[in-house]
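The following blocks contain the structures, represented as structure tokens.
Paired with subunit B in one complex and with subunit C in the other, subunit A is shared by the two complexes that follow.
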Partner chain A sequence: MKIVAVTACPTGIAHTYMAAARLEKIAKNLGHDIKVETQGAMGIENKLTESDIRQAQIAIFAIDIEIEGRERFNGVKVIQVPLQEALKNPEGIFVKIQH
Partner chain B sequence: MKGTSSHFGPRSQSPSQLIIHELQEYLRKTRIRRVHFSDGSTAPPPLAYVTNFPRLSIPLTGCDRMQIARSGRTDAIRPVRGHAVFVPDHAWNKPEWSEPVEVMTFLFGVKQIGISLVQHKGGSHIQPLAVKAHVHSGYDVPTHSVLAALMVLATDHASGALARLLTQSLLYACLRLLKSPRKQAPRKAIRTYESICLYVQENFHRPITRESIAGYFGLAPNHVSRLFRKEGFMRFNDYLNLVRINRAKFMLQNYNMSLKEIAAGCCYSDAAYFCRVFKKVCKVTPTEYRATHIAHAPEEPSKTSAMNVTSVQ
Partner chain C sequence: MSDRNHKPLELFFSCPLVSGLHARPASHLAEVANQFSSECSLKNLRNGVVANAKSVLGIISADIRHHDRCVLLVSGADERAAHKSLHAFVHETLPKCDVPLVDVATSSQSNSMPRALKAAGAVFISGVPISRGIGQGQVVVLRRMSLPEKAGSRKVATNPNHELDLIRNGLASVRHQILEKLKYSLTPVGSAVLQADLAIASDVLLLEKLTEQVLGGKSAGRAVVETAEYFIDLLGRSESKYIRQRSADIEEICMQLLEEVCDESPTQSVSLSEPSVLVAESLGPQQLLQLDRRWLKALVLEHSAGTSHAAILARSLGIPTLAAVRNARLLLTPGSEIVVDAHRGLLIPQLSAGIRRFYEREQRTLDLRKTAWSRDLRNAAETDRKRIEVAANASSGEESIAAFGNGADGIGLFRTEMIFLGRDGPPSEQEQFAIYSEVVRAAEGRPVIIRTFDIGGDKKVAYLNLTRDENPFLGYRGARIYADHRPVLQAQLRAILRASTEGGVRIMAPMITSREEIVEFKAAIAEAKRSLTRESVPFDSEIKIGVMLEVPALGFSLDQICPEVDFLSIGTNDLSQYFFAADRSNANVSSRFSVRHPAFLRFLEQISQQVRFHHKWLGVCGDMAANIQNLPLFLGLDLDEISIPGAEIHEFKRALSKLDADECRRVLERALACKHASEVDELLTARHGQMQESLVSDDLVVLGSTSRTKEEVIQEMVDAFYIADRTTDRHLLEEALWAREEVYSTGLGFGFATPHCKTDAVTSDAICVLRLNDPIHWDSVDGEPVRMVVLLALRDSESATTHMQVFSALARKLMNEEFRHHLLRAETAGAVTAYLRDELGAAIGKSNEAQAPEPSVQPQAP
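On to the complex of A and B.
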């Protein structure tokens, strides 16, 4: 499955990046193709392109603050979870996706 | 100058009571006469302080000699009581602590405000004495608004009456926050964890370790690990590395510094080790990162004093 994701937390120093790393790892293990955009203290990194988003079957938002450019995801199925979910139980997010 | 030992002698007051008392006395007797604004227009020298949140410091006694960046130049300033130094996010300052000084510093973090009262005796080998207090309930509207207004002034290096009065107002707003009864203060473990995070963000350029942090906060090293595992879902060292790598990214984007200088600025003694950690965290090497994220031509000073921490891409 093609997945895009966005992670963002208020301080944007650690958890944004750690959540991104966990999502990437689990997705890879499950055989999904994932690209994760981080919106941290250094701004948007690994930015999702229009075509990334268009090709994705699902978008995961693991966020504790409002993200920039939410409108880019209009028309894509979005699963939004608190960022902690991606740190504590990232597998659970992917279980949700399967259903 | 009055005696500097009194605040740190044997005391019955808690750190936050002491800070409230000192701030109250300061505001009763002193008006802000001058505000120095720093920016990030020159590369931070080794051991400079730089954070991704704004800071304000006011000397109480003595002279807080330091270097700051101003409009593309590095200036030496000599702030004394009645002066304030405002350092916006990503700007830097480098205190000298070459002579005795007592200084109160406000860290305006995202989730909390940290206030420390530090006494330097002069001479670099003596550990400073410090007390610290935190406002964990976050910002109220006055504090947030006054800080935002001051951030705007900092970007135009405005140094007139407005800057002085806003700085004074910010001190009053902080005092009010400190004195207000806590509504729903978070659990102690969260408070301690957040205080440690703020400390790491302020001091990442110095050789800090889990053990030194534990000593500073009066905790057992294992307790520090447990706090990070339980409250932050990570290891202490991972957090420290992320803070340092985050700062390295900023320096790679904004300053024409060598990898060795950047590694040293983030307290990695060895540039090769720094590159390994960077690659592990970011999946690309520092050089590749710089090539894709370069923000400004090297000779152009970076515009880093803006309040906005959004992307420079």
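On to the complex of A and C.
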């Protein structure tokens, strides 16, 4: 499956990146193709392009704060979870998107 | 008598002292009155109280407050002379008698209680810290003087003459003891306190009252008790807080007298035999001095007298003291163990195991910090290849003492204007002498540059009758007004010269524009020296004389100036304003004409070369000196000294230890070749970035932690920052970490937690690592206890994005099992930092390189 994701936490120092690393790893293990955009203290990194989003079957938002450019995802199926979920039970998120 | 109808001479005045006519001015007044045989009485026209003006106690008991109208009545053989002297005293000396004792008491900081202490269930009583530090010991309560029980068994005198002898001899002995202490008094403040005590012990009214009691049939001891009660009661009714506080001084004198006249020693002189916290309503300075310092761990006072004499002594002796602790004697149980935290303004009356742990750790932290501090200073001293003195700016004795405490090499600019401002007449020579002496003593031989008063223009001083200038900064100010105020200048120069016997003093003139002004200034110093020689008053005859270089004209006549002076100090604030004809406070022009403008730097370079050529000493002060980023410029300019705010000394010395003189010379050359101030800004910012401390260091790694709670862990890590001198405010750092922790726990699972924050309470971005012996609960996402804590602290205002890249890389790596295992297995702090450097090395290394751009300009051929 082709997946895009965005992670963002309150200070943007640690959890944004930990969650991104976690999602990438689990997705790879499950054989998905994922690209994770981080919105942290350094601003937006690994930015999702229009074509990334258009090609994705689903978008995962693991966020604690409002993100920039949410409108980019209009028309895409989005699953939004608290960022902690990506650390606590990342597998669960991927189970959820199968349905 | 023929002069039965003779009216006494009258002298009306209104009390000029804000604190009222308290002990010190009263002792001055009594001293003047006692020089004459005439009777002198003082009437307070507000309350009608008439007092004997020869008695300190009498004067004090007249309860004379600020602006009270009073009249002195003088009659007797030498009444005219007495009137004349009293007139001079009341109008000239009295207004200056009130050197305010600086009240350093800060507001209570009970809200700054550390989380670990709160979590340990600490109940606290707050107070005002008037002497910082932490002390722990058993409560010893000093009850209010209950003299009757201690007055001896003999309550009735059998032989009044014998009793009177006892009292007279007793008073003589008390006075003798005070005089002995005066000989060894270390500070002007301490001496003034003892002088006031001496005045009370010599007071005629005191003796009168004692005699009256004895003649009424009382024993000497009983007479002392009742006399003390009489005066304490009298002063206690005063509406002036300051005078009420003085009742402690009288109580103390009477206690001493009682010891002399009674066989038994009054029990109030407590003897300590184990670590103790003394709790008292208030304390006399001598009482404090007689306590056994080995066992006196802290003081708790009910009074809020930050300016009380005991408070001042407590500070000088370094005894942690909390004041304004209401009902302390009722609340605290004698014999119970308490902690006095006079850093945070807390008193902890009940010590649980957790609280004891907290303070044991706190003590260890403070000790380690102290050791690290002196080691840093030593290293700084050893590593400067080119020695540049880091001196402090100051304008009071207290500030100077604090600066030397921070490691200042001297006082580079002692501003004396403060002593002249906000008063009705110039300060006396004696008053100035006391202030300068205090600074010189604190310096212990290190240089102290005292700048003569720089008044005029925008600094208003009514008594100098300065005209209002159209353009104050270009007007009649600094040394330019000296010719019209010779007596004021002479008094100051004499005071400085007198203070110079203890070494290190240098005199500096402000706003010098030409050679003639220096010659005149030196002539004034010569005159002051001659007058002191005539009076056989000692001074340093070789005292160094220098000028502030703040008028550009001076910079273009250095060949003529240098032979006339021993040293120069560049005052960058005014020099740059005059150089660019641009007001520093005018935002429209100040940014374009900054002190970093290459034109100004070239001017400084020219000054430095000329002064070097003449082998004179050159320092710098002003805001430019106080900016740590400019340090390479000053080292490159080959200056002898920079003078900066005292609080910055430590940071500057540390930075200096990392700078190389040759490299700084190259930085300066590049700056001189720049075309705009902004290019110099870039250059210096980049250079400063290279000086930043590294993200990881061994002293930020704690292995084998025995902390038992999350609160303790965070406290321990904050303390590691403190010991490593990488935080300016432990409380702020702790709270920043907790603020993040409260959003949701940073326990990320796998036994790891990553507390983090963005705060300027850290001096530079840093990673701190702590490994626990026994895992603790951290509310982790997987519910597992935490063994390893990796803390990330980022500066809020100027964080390098490259550091953020390291942090994000680290955050990602923490998701990697092998990485975590390495951290869990590392055996030493060195192994942890080495591993982190290896793993994150590219990013850490890159951060330095990225901040040191290639020079955008090359030095031009001259």
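The criterion applied here is as follows: the second predicted complex is superposed on the first by the 99 of 99 C-alpha atoms of A that agree within 3 Å, B and C clash if a C-alpha of one lies under 4 Å from a C-alpha of the other, contacts with A are read in each partner's own complex, and residues count from 1 in each chain.
Keep this in mind: a residue touches a chain if its C-beta (ideal position, glycine included) is under 8 Å from a C-beta of that chain, and two chains touch if they have at least 3 such contacts.
Being a predicted model, the structure only gives us computed values, none of them experimental.
Student: Looking at A:A20 after the superposition, I want to know if it touches subunit B, subunit C, both of them or none. Which is it: first, second, both, neither?
Tutor: second
Student: Is A:G69 contacted by the first partner subunit B, the second partner subunit C, both or neither?
Tutor: In the superposition, A:G69 contacts neither subunit B nor subunit C.
Student: Per the contact definition in the header, classify A:G92: touching subunit B only (first), subunit C only (second), both, or neither.
Tutor: Neither partner.
Student: For A:I44, select first, second, both or neither according to whether it touches subunit B, subunit C, the two together, or no partner.
Tutor: Only subunit B is touched by A:I44; subunit C is not.
Student: Both subunit B and subunit C contact which residues of subunit A?
Tutor: Overlap of subunit B and subunit C footprints on subunit A: residues 10-11, 13-15, 17-18, 40-42, 45, 84, 87-88.
Student: Where on subunit C is subunit A touching in the complex?
Tutor: Where subunit C meets subunit A, its residues are 740, 743-744, 746, 748-749, 754, 756-758, 781-782, 792, 794, 799, 801, 804-805, 807-809, 811-816.
Student: Flag every residue of subunit A that touches subunit B in the complex, lowest number first.
Tutor: The touching residues are 10-15, 17-18, 40-45, 47, 68, 84, 87-88.
Student: In the complex formed with subunit C, which residues of subunit A make contact?
Tutor: Residues of subunit A touching subunit C: 10-11, 13-18, 20-22, 25, 38, 40-42, 45, 64, 84, 87-88.
Student: Under the definition above, what is the set of subunit B residues touching subunit A in their complex?
Tutor: The touching residues are 52, 109-111, 197, 201, 232-234, 238-239, 242-243, 246, 249-250, 253, 281, 309-313.
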